[in-house]
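Letters A, B and C mark the chains in the order given here, with residues in each chain numbered from 1 onward.
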């Protein structure tokens, strides 16, 4: 409980620091909204010409897009500390975190909540809202949507955590990870059925995006009957994050042995 | 003994890059590594309440030792115990009881007023409210923080920031304090204030202090005991006076002549270190010629307006120690 | 002249250090390229009406876009930003080199070195490795020898536009100081109007005249279509003219803004 309160304090500090520069914050957020929004504009333009994608309509892809982008913005916003670990290590600021009698994961999660990510969050919500007007929601599917978004967010956060773990070995944050974070986000906006077999398998077994976002979306859209499996599938996202945090602890151990 | 260090050893592996264009291209294909022994058998013990200076040239192993003692670096060999605990095995409990100040980086939040940084630290260290209040008020008074308590750290001068950092490191009333270059870049007044505070902290509260610094005035002002480390081993461990005696018996006589004869000042038993306008500095061995005798000789030959005898600056002493 | 060459050489050397970053970036771009192609293939598969550009050409278009991605000015030059922020830019004015010229040279180096380092391996991946794994998905060879030659010329034109755009962005730092908003805006426009989100030929017909007129088309879209033959080699000189015109406009704008900015700085006292 006390840990949770402390975490909220960390977030409060971060928010106040960013809101102090109000004009910059507003500009950045709107800019972020535009940058992320053009992706959906591209989808809309393609549907305007081609009408369907693998049997999916625009509003169906929009649901998927909205859920995934909202999830990604959450992970992106809260995962800033992990994303910056490479820089913290180089600057020696990570040592200061080690000198505080608190869990490192807590401190990293509370480091610089990136408020600007609300830009992507907002356009995701807007798209999601538009898609919702075409969908017959039930309490079950609504609940599933929330769980799916949270699970997908945890999954993306897990990738960022893995990225941070790698910096214990390489120091420089490798661009490679963008393939899985931004690339994963991009790929998940579209129905997984359009991709090649090997691609689908990778994103089911290794990085379970399919389980966290695609299957729930199918159930919500009524393309599949809502079964227990659809409800259990998102749990893979939470499990993935837990596993990545475990690997992170190994990285901490390595760092303590080698310094940097 | 509060701090026990025995045969501490630590080796680092560093990647090497060849310079120039050709080396850069080769670096794309193959990386070379070099093993550096940062610590090669360091041993010392500290009793509670000691104020120790830990000095050495850059790369000697000072920060590596501090990191091990702080519990954030695991050594390759040797035994370390702080308050009966192995630092790196119980990071959180250990870190709860120590305070660390880095001269180069602040531990305060950049955009927060100082008072709020302290408040945040109270929560992080779980200090009970009333204990915190007394502690905080004392620190505010002792370090004269009242004037800038509500200013964000980024607006503080270096001297103010250092005082605030000292306060921050003591919010949880640790029994051991590590100070790494606490007076670096400070103006003279701030340096004196910091030294006075540390001395008082050590005398009145019995806080054990380990001070690493390149400023020898800090050492002379604060430390009775000085540990010198060089190339990963302890070169000297004892009082400042012992250190001076061990390395050199030399004394320096500085005179200001009044009759313009500075260029001719010389003595058979002394060597000239420096001539600067009217000022001449002579080095001599007090066992060969006593200070009184030398002064008498020089003043009989020249019109001396002012003179003083001193020990060589500690930097010279240390430099000689490293050269051995 | 030697001064400018020295600047370019120093940048090149610095960039060679980033070996892991180079491979990682290649991987990421290949990944994005493959995903984009999969998506476009899925769209084409169910298409009832013929698209303005055939699927093989679209595939090549995507790969070329990835290969020349670094032409887009994602960030402002940090050194220049620092100079402006601290006011040191005034010292630069006392040097015998023309300040805009120096900044243009820097931008040129900043663009050329990374682009080549990314483009050449990307070509290898897209033309050689991809067909081994996924035949039909590769970057097809240039439509003809003439097409290739014209493409090389157009690529040079694209680099010039990119450098002029970057230099212009750096000049705007004199007004914005923090330099976050402008690069984001420019990068967004370049991505969108350069055909990286969806290929320009797939845009609605009414938008095309405007899109093709913009400098972003000259930077990414037009050269790619010369390569694949979508724009005939005989029409390529028009592309070059388009690029040259925009380069001159951007350079003129940059020089003018710089002189205004310098005057403003001097008046303000740094």
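As a working rule, contacts are C-beta pairs under 8 Å (C-beta built on N, C-alpha and C of every residue); 3 or more make two chains touch, one makes a residue touch a chain.
Worth saying up front: this structure is predicted, and the values here are computed from it rather than measured.
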Measuring from the mean of all protein Cα atoms shown, which chain centre lies nearest?
-> A
Which two chains have the most contacts between them?
-> A-C
List the centre-to-centre spacing of subunit A and subunit C in whole Å, with centres computed as mean CA coordinates.
-> 29
Please work out the Cα centroid separation of subunit B and subunit C, and write it as a whole number of Å.
-> 52
Inter-centroid spacing, subunit B versus subunit A (mean Cα positions, whole Å) = 46
Subunit B-touching residues of subunit A, taken from the complex the two chains share = 2, 5-6, 9, 13, 16-17, 20, 91-93, 95-96, 98-103, 256-259
Subunit A-touching residues of subunit B, taken from the complex the two chains share = 12-13, 64, 67, 70-74, 88, 91-93, 95-96, 98, 100, 102, 105, 107, 109-112, 120, 123-126
Residues of subunit A defined as touching subunit C within the complex | 24, 27-28, 31-32, 34-35, 38-39, 41-42, 45-46, 48-55, 170, 172, 174-179, 182-183, 186-187, 190, 194-196, 199
Tell me, which parts of subunit C touch subunit A in their complex?
-> 18, 20-21, 23-25, 27-28, 31-32, 34-35, 38-39, 41-48, 51, 134, 178, 180-181, 184-185, 187-188, 191-192, 197-198, 202-204
